[in-house]
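In the two complexes below, subunit A is the common chain; its partner is subunit B in one and subunit C in the other.
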Partner chain A sequence: MTATDVQSQLAGAPAPADAHYKLPDVAGYPDVPFEEKARLFEEITNDLRFSDYLYGCYECGICVAVCPSARFYDFSPRRIAQAAAREDVELIYQQMQEDIWECSQCFSCLRCPRGNNPGGIITIMREVAVNNGLASAKEALAGYSRIIYKIMSTGTQVSPDMLQPDAFPDWGPETGDVSANLDLWRRALPPETMHTTTTGWAVADSTLIELYLIWLHTGALDMISDVDASLHAILTELMEERLEDEGIEI
Partner chain B sequence: MSSQTVAVIGGGPGGLRAAHAITEIGGQVVLIEQREFLGGTPIAENYAGLTPSGEPAEPQIRAMIEAVTAHPAADVRLSSQVTALAGEPGAFTLTVAGADGDQTIECGSIVIATGFGHFDPGRETQMYGYYEYPDVITLPDLEAMLKTHTVVRPSNGEPPERICFIQCVGSRDRHIGNEYCSKVCCGVASKEAIEIRQLLPGSKVYIFYIDMRMYGYWENEIYWPAQEKHRVQYVKGMITEVLAKGDRLLVRGEDTTMGRPMELLMDLVVLSVGMEPSAGTRQMAGVLGVAQNRFGFIDAVGGPLDTVSTSRKGIFACGAALGPADLEDTVSSAAAAAMKAFGCVRANATATAG
Partner chain C sequence: MTLTAGPDGRSSIPIESLKRKKDHFERGEDRRSLEDPRAELLELEDKGELVVQKIDHEALTLPTKYGRPKRIQKAHLWHHKSCGQCGHIPGYSTSIFWVMRQLGYDYHDPRDQTSCTAWNYYASATSNSAAQAAVAVRNFAAARETGYFPLIHCGTSYGHYKEVREELIRHPELRAEVRRIMGKLGKELVLPEEIVHYSEWFHAMRGEIAAKQVRDFTGIKVTVHPACHYYKLVEGDAIYDPDIYGGQRTAVVTGLAQALGADVRTYSTWFDCCGFGFRHILVQRDFTRSFATLRKIEVMKEEADPDVVLTHDTGCVTTLDKSQFAAKAHDRNVGLAVMSEAQFAALAMGAHPYKVCQLHWHSADYRPLLEKMGIDWEKAWAEFQADLKRLENGEKRYLDWDDVDN
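Entry: the complex of A and B
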């Protein structure tokens, strides 16, 4: 019996309906009504890719055996596939708030004998988490706001010194040092590394315009509207202004 | 009727197949059935569909019956029981008690096709409450409901919303003494689960299992479609008990692969009862003097490459009289037993003529 169970019993409160799930006060994320969890699950299963990503699960664990993340985190692609196959709405919500961000999206789990794609299910779950502004998505993407800004506004990659140094502790302590002196590190390398820390390469104007149109029309930009409203506003304004300059109506 | 005749005891799928096979290769056969009708367990227990195909059972079995009864070389004795055996291979005399009193049948060889009985869940596993709760039923109980296309809760006549199957009831259990796997229940339960999902699309169907055993083509013919197309929920973990909760049933077990205990409410609980030797199988083993294994099935003494020879020369067995068998096994071993039995009478005829 957990401390919470004891507390709720002492307080005369009814015991939790299902003791296997964390209660909101220990879960580290806000609880929502069952109907909301069911709606999120439906959004996952209604995704066009879902039926190709999940057939039936033997629960054999081969996906866990090949999973690099499972070696280092309390993470199991089997449990992801299982929860989806069992239509376990509560567990899927818990996984969307926790587990899905432990996956490195390497897709080793495609080894599944049934042809399932647990990593793909996670892709969908992440998208649903981002689209719906779940707390876990906000937290997971917090360190990426500069990356998102840079990629979406310039259409090109970023260099490590653009990252918030404290956002990726699992990259190790050297990351800070390297970032601090990135320009020097790069100059020390014999090959041509385009000694720049502003953009990876030049992007043609026409390409950038095309990218802006893609971000706006596909809804890719709107995906972050709930997760990072201010970033969303900045990027929207930036893109719309540029397109206006080009004489393109949205 | 003579030493050229093969006697087949039991008129189920195995006995019918054996009798038909003997007529097909030009032999004479007498088919002895204790019930007043042919067809065996599939007919007596109102099977709805064959496993794995799910096609209606009765027309298929009727066709087997027709093939035997319509053949001039087949002599069918209903409501008849073998009570004694005399003579020796090639010249057996069976005493048969029928409606018209005792009769004797001369035959050269014998095929035992007396089949199995469903494990009675009340006897040893009272914990599942089969005799206590009307909404706890067995695979054959459900099969009979499926035959009429009406699956309801016996307690109130309402269609169930949540149904579960509990596998291995009466099988693979040292306490019960049935240490063997009954071989067919995984496939039959899955087939019935599919049929329920088709009949009641709003229902949720669970199968609680130790191992799922749907070998060979049953894998993709039943298991995969049940899971992928019909969304039957397979959960590895045995149910320890069934309890009444309100007007529903609470099943308790462990969800082993999720690593957590589970308690779920059900409207209908189906016990996947295994196979035991039928009363007829036990009786015939005694009357004919053939060895039984420690579970009471007829002992096949020939090893893996001769599945039908018994401890007594000239007497063969087939199907579920030998142990758990599906229909595919049964008709295959029936044909093998028919061939052996026919070979026996032919060898005898050749020896006599020589």
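Entry: the complex of A and C
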């Protein structure tokens, strides 16, 4: 959908009285202008993957039946697909603020007989929420900064030294054993690449430089500037310094 | 907009509005999953759009979900490691390497490899399609530079890379963007002829693995958790076999366990995910623990009474293994060993439970399983401790493959 499409839809359509669209006071967030919500929706539909992920909805509920998050939360992949199909801008905004972070991203919902990918739509909605610094994204990513720092700066996500008993008390006493013996146990691993404690394996310096270039050239690093400004500043400085050492200019 | 009256003059259905919406969603071409991505890649290569790394060593051919034959290269493989396996379940990766060594197939364990970064992407969405595709292609280009063919350890990496491949095939603008970024790295847009998960290699090689079996697994009761990102994401690539579950579930893991003589048992919630959730396992584990316990472990125990649950992905092993401790405090019906089928196969072939399979990194109690396999775990632990002493004494800095095999 193009900007013109959205504008023409907005011009001809859903007045607040339309029974098939959420009213702002029902959807919540009446203080956010409809135009802003429509802009975010347009950002979602402009993603190149969107047309691969949504074909309509039979309302059969198979996606809900197989969804793990639907069993534990007030969450429904069917509502996500239907809101996107109906272009219900108010409801989509509500879902971006209240629902999307409950999705498990397991993609069981790909069982959809219509060929929809509700999990994929949610991935895009999350990206838009992050890109625009929505409150739900800030809340969902609070406490997650160190993971983003780790993956963006080292090229591996979870590291052996993350296994701290105070961070994972529910994982049992074995986590404490790993933590207490970490260096020794890592040195006992036969693969040479796995003697590391701060990364899952040893990543070459030249590889890291290439990864930093990817984050910078694709705008992926800048995506977090609104949701976590301090993390963004730290990572930007780290990457730019490293690239400068290599004589690479962005 | 006012509501429109129907033919009876009484309906309040907004017919014009619905017609407009229906027009917008007229169904076009079904683009759920490409029928033959390999053919599409080769066509794009002919047009000079990308480079395809070909299978250039002996390969075995396996059937996929919709029948497309998929070739699995046996040797000379570039091991695309997994963050979670290497970081938290190192016996998983070590067992994959060990089995390959025991069968005499050469491989490359690269440092020129990053994570696929998909765990973070599915958890936090702090990336975009161009960055995700560039990370994938950078790794594939690095593999091609070595001449070794990529073998993906992680189910999520495998699933995500298949998504990336579909996006690159479908969207020329994404290919152009990735080529632009790769140009800055001095690399080309490279994709392999087939995207292969390690569990497909184990499935293909199950006959050779079983031929080297030294421990009798008759009577070992197994349940299998098939990994969502293996067979639900871009489902057409997953291996299915008419002789295993009648072709109605993926054949990997189960086929290997059966080849090793184990008693594979089914349970009703086999299709459910494990509860990993990507962000949930890290910052919202109440969901993960509940789902893993209530929908997987307890159901397996009640319906199948297994000795071990086997799975083939990083997140699934972590979730099913780590979620049981807290549930025990609530007197839930838990207490089930969890491991990858790679570790299971290694044990069958005589691997050391600590030096190779690294079971001391696991949380759920695996010792009753080892006893049933005829393994004296106390003796094995003492042997491992003796090796650790050598490291502590400074006799050696690291254990290596010679220490493990002898």
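We adopt the following convention: the second predicted complex is superposed on the first by the 180 of 250 C-alpha atoms of A that agree within 3 Å, B and C clash if a C-alpha of one lies under 4 Å from a C-alpha of the other, contacts with A are read in each partner's own complex, and residues count from 1 in each chain.
Here, a residue touches a chain if its C-beta (ideal position, glycine included) is under 8 Å from a C-beta of that chain, and two chains touch if they have at least 3 such contacts.
Keep in mind that this is a model prediction, so the values were computed, not measured.
Contact with subunit B, but none with subunit C, is seen for A:R78 once the two complexes are overlaid on the shared chain.
Looking at the superposition, the partner that touches the larger set of subunit A residues, subunit B or subunit C, turns out to be C. By the touch criterion defined above, A:F107 lies against subunit C but remains apart from subunit B after alignment on the C-alpha atoms of chain A.
Of the two partner chains placed by the overlay, only subunit C lies in contact with A:Q157; subunit B stays clear of it.
When the shared chain is aligned, subunit B and subunit C each come close enough to touch A:R86. In the superposition on chain A, contact of A:V203 is made with subunit C only, not with subunit B. When the two complexes are overlaid on their common chain A, residue A:A229 makes contact with neither subunit B nor subunit C. Looking at the shared chain after the overlay, A:L211 reaches subunit C, while subunit B stays out of its contact range. Across the two superposed structures, the residue set of subunit A contacted by subunit B and also by subunit C is 20, 55-56, 85-87.
Across the interface of their complex, subunit C is touched by residues 13-15, 17-20, 47-49, 51-52, 55-56, 66, 68-69, 71-73, 85-87, 101, 104-108, 110-111, 115, 123, 126-127, 129-130, 137, 140-141, 143-144, 147-148, 151, 155-160, 162-163, 168, 170-172, 174-175, 177-178, 184-195, 199-204, 206-208, 210-211, 213-215, 217-220, 223-224, 227 of subunit A.
Interface of subunit C with subunit A (complex): residues 1-3, 12, 14, 17-18, 20-21, 24-25, 27, 30-32, 81-88, 90, 93-94, 97-98, 109-115, 117, 119-131, 134-135, 138, 142, 159, 166-167, 170-171, 173-174, 177, 180-181, 184-185, 228-229, 232-233, 235, 271-273, 275-280, 282-283, 285, 287, 289-291, 295, 322, 324-326, 355-356, 358, 360-363, 384, 387-388, 391-392, 397-401, 403-404.
Partner subunit B is touched in their complex by these residues of subunit A: 20, 55-57, 59, 78-79, 82, 85-87, 114. Of all the residues in subunit B, the ones that touch subunit A in their complex are 224, 227-228, 231, 233-236, 257-258, 260.
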